[in-house]
Every structure is written in structure tokens, then in C-alpha cells.
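What follows is subunit A paired twice: with subunit B in the first complex and subunit C in the second.
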Partner chain A sequence: MIQIPALGDSLLLTSPSILVFCVALAIMLIEAWARPESKSIFWALGFGGLLAAGALTALVHGMAEGGVDAYAGMLRIDRYGVFFQVCAILAGLLSLLMSDGYLERIGVRVGEYYALVLFGVLGMMLMSAANDLMMVFIALEVMSIAMYVLCALKRGDPKSVESGFKYFILGAFSSGVMLYGISFVYGAIGSTSLQALTAWFAAGHDAASNSLVVVGGGLLIVGFGFKVASVPFHMWAPDVYQGAPTSVTALMASGVKAASFAAFGRVVLGAMGEDAASWHGALWWMSALTMIVGNLGALVQDDLKRVLAYSSIAHAGYLLMAFVSIGPGGLAHSPALGSLLFYMLSYTFMNAGAFAVLSMFTRDGKDDSRIERLAGLGHDHPWIAAGLSICLLSLAGIPPTMGFVGKFYLFSAALQAGERNLAIIGAISAALGVYYYIRPMIWMYMRDGHPAVTIDRRAAFAVALCSAVMLILGLVPGTALDWAQDSLLSLAG
Partner chain B sequence: MPSLLSLVTFLPIVGAAIVAALPERAAKSSALAVSVLAFLVSIPLWFQFDPNSAELFQLVEKMDWIPAFGVSYHVGIDGVSLLLILLTTVLTPIIVLAGFSGVDKNQRGYFALMLVLEGAMIGTFVALDTFLFYLFWELVLLPMYFLIGIWGGERRLYAAVKLFVYTIVGSLLMLVALIGLYVLHHQVEGTWTTDLGRLLALNIPYDTQLWMFACFALAFAIKVPMFPLHTWLPDAHVEAPTGGSVVLAGVMLKMGTYGFYRFAMPLFPEATMAFGPFLIALCVIGIVYGALVAMVQDDVKKLVAYSSVSHLGFVMLGLFALNPQGVAGSIYQMLNHGVSTGALFLLVGVLYERRHTRKIVDYGGLTKVVPLFAVAFMIVTLSSIGLPGTNGFVGEFMILLGAFQYAPIPTAIATTGVIFGATYMLWMFQRVMFGPLTNRANQTLTDLNAREIGYMAPLIVLIFVMGVFPQPFLDRINPSVNAFVARMEERFDGTPYLAAGGVPSWIGAASAAPAPAAAPHDDAPTHAAPPAHHAPAPDAASGAHGE
Partner chain C sequence: MESVGLFPVLAVSAVLFATGVGGVLTRKNALIVFMSIELMLNAVNLSFVAFSRHSGLVDGQVFALFVMAVAAAEAAVGLALVILLFRNRVTVSLDDLDLMKG
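This part shows the complex of A and B:
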């Protein structure tokens, strides 16, 4: 007996996404008629739209307790999803803060940009709430197609075009892999609904007894692995991240990652969670290798954007650690999911803060994020340098920052589940990683020079906001922790 | 109104912000004012601390901090932390005063970082919550990294990065062990807590102790530093500005030995026994090796740096003797080393500021031109050697007395370190101070000025006071040391390990089931001296030195 909730409820529950969608459309419409000198309206519209969507999300959060199905079960609005939606909106807002000035400096000033960012965020929001494998796929495509275009936005710059092209080819390939996986799962259980998948596993089936599910689940994990840039599916990330406009990279590294992890978690931990043992080995190795390769790779980079690209790979590894740390007690009794959410939130901020600083480094209309460009920043612009330092220290997991609290939480989840060796691998690779996070500080504070940096007030605000959040939530993380723990219950329920 | 301990901890950090906010020309005076104020505020600690109290930790403050993790803001001091705090607050104004000359750029930054460093170091000594401790522990690293990296010498970047990476590797592994302990407490007791007192109450299975102790010990041994993890220290010392070297040798290295004393050893007593012989061997190697390497140095600062490796080897040796004399001597020697080596680095800094060289061959015959300096240098040198009447003697004597009861042969070998110590220090002194005044540049050297006398005098007074009247200090150390030794002993007379069923299997070795309840206990005495060895009455230490 399928119960179809009233369409009105569905509309209300998805109102943030609908709002983002409408604003994106409005921007495209206005773009067609707007005079060239009135372009700043797009920024205002996009930013305002995302802010309003954020406010609506707070409203939905109140209604979503325990989780409500919308659109006949295609979406499930629950606190878990809302948490990631907030991450996506935050990533969008922070990216927009650094966008306006940056786009002007690199000479790409088009209204579509804002529409595409909003479409990207829309995809992320839907992906966080998707409750059906088909919906996961559609949301993924909505998000990805917007990102492909955004990566290649600097049409005159071969690197940007390479980035977009590479992302498109590999992204399309991985989407294909995922779709193939979905078809196997459908073949095995006759439905693409996550509820049906949960029920199938709950009925005592496991992957070992059904080779279709093994293949399907495996391909799904591969597809998600591509999207979150985990080893061995990470090859695209450094080039794509480096070539894309910096504001887009910031959105990719935090928003896309958050949304992909949201769906990854909902499918692998939620729906297939009963059978976690079958996937444990693969995920364990993915996590360990991702941490090691990401951190080692970053060590030898001289371009900060590439450093942050490898760092984002390494962070995917830390986050994957939560996937193997569920332990025998199940989701509800494990700190793993809470640590995943908390870390995702802190990663959104610290990563965006670092990219916001990079977005100020342009020369002759091109990115110029080589590490030596930072020389003397600590002297010339002490506040920007301090902000970048705080974000980098947070990425490195050094107290008293939010990144440290996040790592503490992740490691305690891993040890709680008995993954001592994985925690030690994580600690050693994080220790290696500290080297590349403190290297920029050497340039900023210990070498002389005068950096050619354009202080962009909105981007500087983003840096200030992110570093303030890192420090405040590093010292008193209580609220954010409560929120993360409250949000996971809907999935664990 | 914050209570006293929090005030002492956070006053320098708040002061650092003030120094940073004031204009550059006010940097010196404001930093001096803050550091002196911090010292004045810390004096009442000495009087409020009651050595006869039954409470081991006094002036305790405790409140919830991150309830979701069971993390609390929990601070308190015993005699050991009391003295280490006072060492820190005494040294900081001296360092600030020494920094009035020689710091040629961005003085605001220099002094602000120095004050943050002071607050963070005090924080590590007062923290009674492992999370809080870890936070301060890491916080110490950052200012030191910047102090070396910005105000250091030629190869400062190399030295700063080396210091950072070495320390962080140990720290992160310690973090894993610390979280492991936190999780273990939850699995056994059902509550989440990072409170040291409650973690101490845990019975930790033997195999678990081994890996956790290894992680903790690695972090602390790097900080001490113990052979063979010491290689960051000479680089850091040579490149650091004078103030940085003083604080590094004076206080930061003690964080490592303090870490062993407060955390690694009491938390994992059986593992301490198991690793004991190995660590004692490293101590002895460090003592002799450090002394021999110091002997062949041509750079005064590097010589003092290697002498620190040797001296800290003694401190560790005393700790691992696990009897009241050894441990109390080791604590006392921590303070002594802070005073004497701090003073040595200050004096080397005085020379370096005048001549911009630290090579021994560039000097010679200085007694003739700088008599006051020569006297100060002589006193500090003798204190570092451990001449009776100076502080160094008391500590070294107690350590050797304690360690000999526990491990006679290694102690006998370690004693050669004392002889070598006298050799390299006196030989260096002779080459720098005596002989003909050959180098023309040295003829115009000026003697200590009023400011330099001002900051050397308290240290020289301390050298004699601590050498002649150790009792007030030992009175404060002993209750804590006795509790420490008692805890180590009590774990060897029959306290059962966790029953096999209660131990989550992962906590032991990856493959094996938890250690059988009795087996490790039967093993322990073979690693260790039997409890009878520890038997000398706890007040032997005060008795031996009472007269």
C-alpha cells in the first residue's frame, strides 16, 4: 500500500530547492535582457536567493524531524539531508562571496555563471535528499553538468578548457558506471527505491548470496568513489581543480564533495547498512589509500591550488574512515556518522576560506597561485595571512581549530569500531600532511617579498568568516556537535 | 573573577593580544609589564599550595567544556607542576628583558609570541584533562615554530620545519593513543570522558598498554629529546634566537619529561615496566653520546644543545628508576636544567650579540676584558657540571642514588657522562675565557651592562639557593613523587587486569585475543625489579637531603 502524501506538503518540504531553481531561472531570464552595466544584480540575486534558501531550510529542518517522504518517495526530507543541504548552501554562498571580484579579475563576467552555480547547488541539495537510486542519478547529473560548464568557463584559457573537458569525460564515465550499478541492483531486487533496498537487506539477504547485488553495489561504490575523488578514482581531481576558476574549485571541493558524501552515506550506510560487512574491506582500503596518496601527493606540489586539490583527496580519505567505523552496534550507536557530518561542516568552511585567499591571487587575468607568490603576505596583509593560516591549521587538524575537533571525533569513531590500524594510518598520513600545510606559512611569514594580491572585500569577508568559525567552533564546538548528532538520527533511526 | 590558576594561564595569552595591539615602540615595555605581572600573579601559587595537604592536586578548577565528548576544563597543580609553572613565569620576564636587544625586526610579534608560548606552556602543566592537555601541547608548537622561523639564524626555515614535523608525528600518534584510551573508558565504564583522573582509574589490558605507551612515549621522547630522536634539537637551538633557545631548553623540553611523569607512566604502569630497560638503555646512550658529541663541537651554542641531550638523559634515567630518590631528583633536575641551561644560552646570546659569532676559536682570554661576564659564566658552568653547592649537584646526586638502586650497571655507565660533562664544559670554558687574548676584535668587548646583570642575577641567585636549600622545593615535590611511586608499585602487587570477557578484542594486538588475566602479571616482575627494590621508605629522599 503506497501512501502518497499531498503534493502541497512535498512542495513545502522542497521549497528551498524550488527557490534556488526559480532564482537560477530568473537570472537566466534577466541575463537575456539586462544591460551590460547592470551585471552586479546577478551576484545580489544569487547570493540573496541562496540566503533565502538557507532560511527556508531552517524552517524545513523543524518539520523534517524523523524524516518525511516527498514526491512519492523520490526524495526524503530528513535532518540528515537537511544537514548536507546546509553544507551545500554554505559552500555556494562562500563561493559566491569570492566570485564577483575574482571573475572580474580573470575577465569572465557573465550572468550564466550565477545561474550555473545555483543549478549546481540545486543538484547538491537534491542529491542530499535523494531517496531513490534514479533520483540520486538525476541529481548527480544536475549538479555535474553545471560543474562541467563552470570548470570550462574561462574559454580563452587552455587549462580551464582542459579542466572542463577532463571533468566531463571522467564524470560522464563515472556516471555511466554508477548507472550500470543501479541497473544491476534493480535487476536483483526489482526496485530502485532505497526503501526497497533497505527492506531487501533487512529481510536477511546479503550481497554474498546474490552476485547481481555484489556487482551493483560495487559499481555504485566506484561511482561515488569518483565523485568524492577517492583513490584509485582520484586521478582527475588535481588537474580539474587547478584548471577551473578558483571560485568554482572552492564549490567543487566542498559542495560537490558534501553532496556526494550525502548520497554515498545514504546509499551505502543507510540502505545497504545491514550488510556493511560485505563492503567493509573495499571501503577500508579506499580510505587508507586515499589518505596516504592524497597526503603524499600534496607534499611535492608547488602550486597552492594543486596542494589543496590533493588535500581534498586526503580529506575524502578521512571522511571515508567514518564509513568503515560503524561497528557492530549499528549506525545508531556509533559516533561514525556524527563525525562524518561534523567533519563535512568544518571542511566546508576551512576549505572555502583557503580558496577565498587564493582567489585574490591573480595576475594578468590568470590565476597565479604558486606558493612563492605568498612571500611577505604576513607583513603586507597580516589579517589575510592570519585567516589563511587558521584555515590551513584547521585542515592540518591542529588545535584549537574545528578541524582538530573533527579529527578527534573521526578518530574516536574509528577506534570505537576497532579500526585501530586505520586510525594509525590516518594519524601518520596526517602528520605528513602537516608539512604541506605549514609550507605556505613559511612563505607568508618567513620570507620577504611583496605579494601581488588584490584585496577583495567580499572574499576577505569570506576568509574572516571561515577563520572565525574555525576558531569559535574549535573552542566551543558544542552546538555544532549537537546538531550533527541530532541530524544523523533520521538515517540511523 | 577567574580563579588563580586560570589567571596565571591566560594572563600571558591575553597580554600577548595587548602587546600585539599596541604600537611597535611600546612592545618592549608592555611585554615586560605583562611578563612581570604574570610572575607576580604566580607567586601566590607557592603560598596557596599546601605541601602537607592530603589532596594531591590543589587549586582545582573544573567545569564542563564540550559535554558531547565528555571533555572538561579541568586544571589543578601538584608540587611538580607548581614548580614548573614558577620556572616558566620566572624565565619569561628574563627572556623578555634579554630580547630588548638582538631582536631587530617586528618586536611586537616576537614578544607577543613569547607570551603566548608562556601561557601555553603553563597550560600543559596545569591541565588535568587529556583533551585540554593535548590542546596546550600543540599550542606550544606554533609560537616556537614562528620564533625560530622568523627570528632565527641562517638555516632557520630548515630548523623550524624539522622541529614542527618531528613534534607533530609524535603528537598525532599520541592523539590516537589518547583517543584509544578515551574509547576504552567508554567501552568499559560506559561514559565518555577525557578526564585524567578517571582515565587513571581504568584497568588497562597489558597489550593495550604496550601500544598506547609506545605512542605516548614517542611523542614525549621526541620532545625531551631522547636519543635517537634528538636530532631536531641542535638545529633548533643553533638557529633559534636567544630567547627561543632559553625557552626551548628551559621549559619546552620539560614538557616531554613532565609528559612521561604525568601521563605516560602513571597511565600505563605495566608498559612502563616492560619498556623500562629499553628506555633506560636509550637514556644511558643519550647521556654518554650527548656528552661525547658536545665535546667535539666548535660552536658554543651547539655544545650547550648537546649537553641538554645528555642532561635530559639523566632526568629520564631518574624517572625510570621508579623510586622516590630517583624520581624526585629527576624532577629537581628538570628545574635545575631550566635555570642553568637557560642561563648558559643567555650568556652565549650576550657574546653573540657583541661579536656575531659562536665559534669557540674566535674567542679566548675573555676574562681579561669582561670580568663580570666571566664570573657569571663560571658560576653557570659549574652549576651545569653539578658542583656541590650549586643546584646541579643536588639533582644529579639524587638521580644517581635512585638509579643505582634500580639498575647499577647502566647507572655506572651513565656516571661517566658526569665526568665527560665536566670535561666538555670546562674545556670550552678554558678555550673561551682563558689563555692569551689573541683575537683583536675581542679586545673591545664590553662587559655585562646593567640590564644584562639585571636578568642574570636572579638566575645566579637561584643556582645557589637551589643548591644550598633544596628542602623547600623537595617538600613540595615529594608528596607528588610518593604518590607517583606508590601508584607504580601498587600495580605490581596483585591488581588484576580486566577480566578477559570485559576486554574488547580490538584493543589488544590486532590478531590476538585479550591477554589472559594472570599471565602479564606474572611477567611483570621479571622485567622489573621486585617491589622490594622500591621498598626504601618514601621519605628517604627528604631524609637524605634534609641535612
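This part shows the complex of A and C:
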């Protein structure tokens, strides 16, 4: 007799995702049938829908204290998942804030944009909660397919199309690699559930299935490596980030990365735990190379979107450090790794803030994000310049910003775990990186000029919000740090 | 009925997958690269079904169906992107995708 689990509970637990899904469908239907002249209704629907989903998530968070399985273990609603769902919703909200005016300026203000953003956020939310490798794959595709289309949204712009196409080819390729890994894991343990994987590690196992899991896990890591843009699987990121519409790049850099790290973390930190030692060397090199290549690559860029793309590669390296730093005894003994989640949250804000400023730089319906365009911004628009400076300082990890706190705890977690060399490599490359974060500030404040910038109220609000959060959580990070640590420990069960 | 063992099926799947990866890495035509990706996904399906039959658990076959559904969705978007690319550039060669450098 098959036990039928209570569907009602599952529906309730996933109500935020269901809400986002319904709003996205509603937007598509309204666009198809009513064809409203003004697209503002879509913005309002999308923004309101995400806000409501955020509120629902807070309620569900209360329900799922210790972590509850939904849909027969396909999803697991726990604090860890909820934390990343909040990141995804925030990324969606911030991206929507800068979207409306920006899309108007580049001439692609269409209803399906908002629906696709919501579908993307839906995929991120499911990915954060996915507790089964198959579910990770499906959620990943829900997110990625929406992103492929969003990247190529400017149909007449060869750069945008090229960006969407490159993202598609490499995304589909990496999904294939990841799936092959999943099939190996399935072959070895007879299930794709992450709990089964943990149980399999705990029980004794023979050499044949062990090698299958090692190879399968390796392929999974390669697949995730593509998604989070870590070296040597990072080549797509700069082109895709540069070509995509800026509001989409913001969503990709913050939301997609957070969701990919959520699933990556649930597999490596949650399911593999201390047994991730089999892949320790691979992850170590990935982390070290990602930090070095990301920071060195950014030094020579002249387009700010490209600088931020390389910076996002470098940040993937810092975050990967947490995966290497899991010590013996598993998560329960490495609470310092909560810094991974804290950093992800701060990363969402600082990236979205910087991209919100960039979204105001358009000329003749095209992005115009070359660094010299910033000249004189500090004089003409001191508040926008200040906001961008705070975001850049936070990305560079300079106190008193949230980025500094995050980096500090990430590096100290690595040191605690005895990863001294990795922490040194990270610190040196981060120090190098300060140069390319300061360079835009030199243009803003020390060069004369009148930047052709369109001040967009909603985008400016996004910048203000992000910089306020950066400063406040940089000065009093306690609550957010505790929340991040609690959330991480909910993975340990 | 005589049944084939696990290993030969996995070997075929591995060869298919390697062919797909090789195609993605070496071919320059967007459509052929796209076909190679589909080949990889089919190799995965074969491997899922083989493991499923070997272990007697049906989940693997269900996963193969999921993969097919997702691959179909991906193909729809992918082919639309190829058409878009051709309209913009009148080429589908990956060598020509070099608008962004630095």
C-alpha cells in the first residue's frame, strides 16, 4: 500500500512559489488577450506578486521551523531554503525596480518580460528548496529557460541575441553534464533523493558503487561549476552579462547565482557533508583559480558590465571557499560556514545596486556602460554616485560595509578549517581586486564631464535601498549573521 | 528472453555522451552543436533506463520522461534563438559570435 502524503500541507508550504507561478501566468494571459496599452499594470502585478510571495515566505518560515518535506520529499522547506528563497525574491524585486524605465529606454517594454522574470524567480525558489537531484535539475531548467529568453529579449540587438545564444548553448551543455552525473548517482544508490545520498554515505558501501558516486558527484560539481561561473567553466559569463539587458544581468548576477549556490550547497554541504572530502582537491583548485582568474580578468576591462561580470566570477570563488572549509564532523561542527549565506545576501544587494546605477546609462536605446561615461557623475548626481560607491566598496570588501563583514567571516571560516593557503590566495586576489572597484570611483569623482544619465526614480530607489542595507548591515550585522547561521544549521538536520 | 547486461548499455551510453561532448566542443555550426547537446541528453536517458532496469526500480524510467520533457522545452527555446541569431547575423557559425571581447 502506497502511503499518500498530505497534499494540503505541501501546497501550503509551497504557497509562495505557487503564488509567483499564478501571477506569472496571469501576466501572460492578460498580455495575450487584453493587450493593454500601458504596460504599467504588469510591473505592478509582478512587483506586488513578489512582495506577497515574500510575505507568505515569512509565514511559511514560521511553520517549517525544523524543516518539513513537501511533495514526498521532492522539496524540503527548511530555514536554509527559505533564506535563499528570500534572496531570490529580493533579487527579483530589485531587478523589477530597475526594469520599467530601463526597458522603456531600450524599447523592449513587453508584458512577457515580467512573466519571464517571475518564472525565473519561481525556478530559483524551487531550486533553493529542491531536496532531490531530479528536482534540482527541473528547477534549474525552469530558471534557466526563462533566463535564456530574457537575455535575448532585445531581438534587434545582435549583442543581446549573441548573449542569449551563448548562455543557452553552455547552459544546456552543463545541464547535460550534470544529468549524466545524476544518473551515475542514481545508479549507485538507487535513488536521487539527497537524504538517500546522506544515508548512503553513512552506511558502508562497496568499491564499485563508490566509484560511481565519486564520478557522478564530480560531474555534478562540474555542472554546478558552470552555473555559478567558476573557473574553468566561466568563459560564458562576461559575454552573457555584457550582452544581456542590464536589468536581466542584475537578476542573473544576484538571483541565479544565489539559487545555484543554494542547490550546490545543499548537495555538497548538506548531503555530502564531511564525505565531500573525495572532491576536496577539485573544489580547492576551483575556488583558488576562480578567485585569481576573476580578479585578474576584471583588471583589464573597460566596460563596467564586464568588470562586474568578472567580479561575479571572483565572488563565486570566495563563496566556493566555504565548500572547501567543511571540517570533520560535518556542518554541525562548522557553524562559521553561515558566512556563506550571509555573503550571498550581501552579494545580492551590492550587485543589484551597482547594476541599478548602470541601468540608468543608456544612449539611443543601447547600453552605454563604458567606464569613461561615469566622468563627472559625482558632481552632477552626487547621490547616485554615492550609492554606486557604497556598492563598489562593499564588493571590494572595505569596511564599514556588509561586503567587508561577509568577506571577513568567509575568510575566517576558511582559516578555522585550516585552509590557510586558500585564504591567503583569496586575500591577495581580493586586494588586487580593489583596484578595479576603485577605478570607477576615480572616474566619478576626479574626472570632469557630464554623464548622459537618465535618472529613473524606481532605479534610484533600488540604489538607495541597497546602499542603506549595505551600510546598516555592515555596522550591525548581528541579526543577519545569526539568521544566516541558523539557516545553515537547519541543513545539518 | 535473453537480456543484455548493464555494462554494454552503459558503454553505449558513455560513447553517445562522449560523442555529444566532442560535438559541442569541436563543431562550429550552431545547429550541429545543438544536436550534440540532444545526443548528450539521450545518452543520459539511456543510462537512467539501464540503471532502472538493472535495479528493478522504476524511478529511473520516470526520470527519463522528465528529461525528455525538459529537453523538448529547451529545444523550443534553443531553435527560436538559432532563428533569431540567423535573422540578426545571417550566419549560424559559432566562430562569428565575437561581438564582445575584452
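Quick note on the criterion: the second predicted complex is superposed on the first by the 476 of 493 C-alpha atoms of A that agree within 3 Å, B and C clash if a C-alpha of one lies under 4 Å from a C-alpha of the other, contacts with A are read in each partner's own complex, and residues count from 1 in each chain.
FYI, a contact is a pair of C-beta atoms (placed from the backbone, for glycine too) under 8 Å apart; a residue touches a chain by one contact, two chains touch by 3 or more.
Note that this is a predicted model, so its numbers are computed, not measured.
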Requested in this report: Classify the contacts of A:43 with the two partner chains as first (subunit B alone), second (subunit C alone), both, or neither.
Outcome: neither
Report task. Based on the superposed arrangement, let me know which partner A:478 touches: subunit B (first), subunit C (second), both, or neither? Result -> first
Report task. Applying the touch criterion given at the start, work out whether A:306 contacts subunit B, subunit C, both or neither, answering first, second, both or neither. Result -> second
Requested in this report: Could you tell me if A:398 is touching subunit B, subunit C, both of them or neither one (first, second, both, neither)?
Outcome: first
**Report entry** Which of subunit B and subunit C A:411 touches, first, second, both or neither
**Finding:** first
Requested in this report: Please work out whether A:149 is in contact with subunit B alone, subunit C alone, both, or neither, and reply first, second, both or neither.
Outcome: second
Query - First (subunit B), second (subunit C), both or neither touched by A:84 - result: neither
Query - In the complex, subunit C residues that touch subunit A - result: 17, 20-21, 24, 30, 33-34, 37, 40-41, 43-44, 47-48, 50-51, 54-55, 57, 59-60, 63, 66-67, 70, 73-74, 77-78, 81-82, 84-85, 88-89, 94, 97, 99-100, 102
Requested in this report: Can you check the complex and tell me which residues of subunit A touch subunit C?
Outcome: 134, 137-138, 141, 145, 148-149, 152, 155-159, 161-166, 168-169, 172-173, 175-177, 179-180, 182-184, 186-187, 190-192, 238-239, 242-243, 300-303, 306
**Report entry** subunit B - residues contacting subunit A, complex
**Finding:** 65-69, 106, 131, 134-135, 138-139, 141-142, 145-146, 149-150, 156-157, 160-161, 164-165, 168-169, 171-173, 175-176, 179-180, 182-183, 186-187, 211, 504-507, 510
Query raised in the report: Quick one: in the complex, what on subunit A touches subunit B?
Result: 379, 393, 397-400, 404-405, 407-409, 411-412, 415-416, 418-421, 423-424, 426-428, 430-431, 434-435, 438-439, 441-442, 445-446, 476-478, 481-482, 485
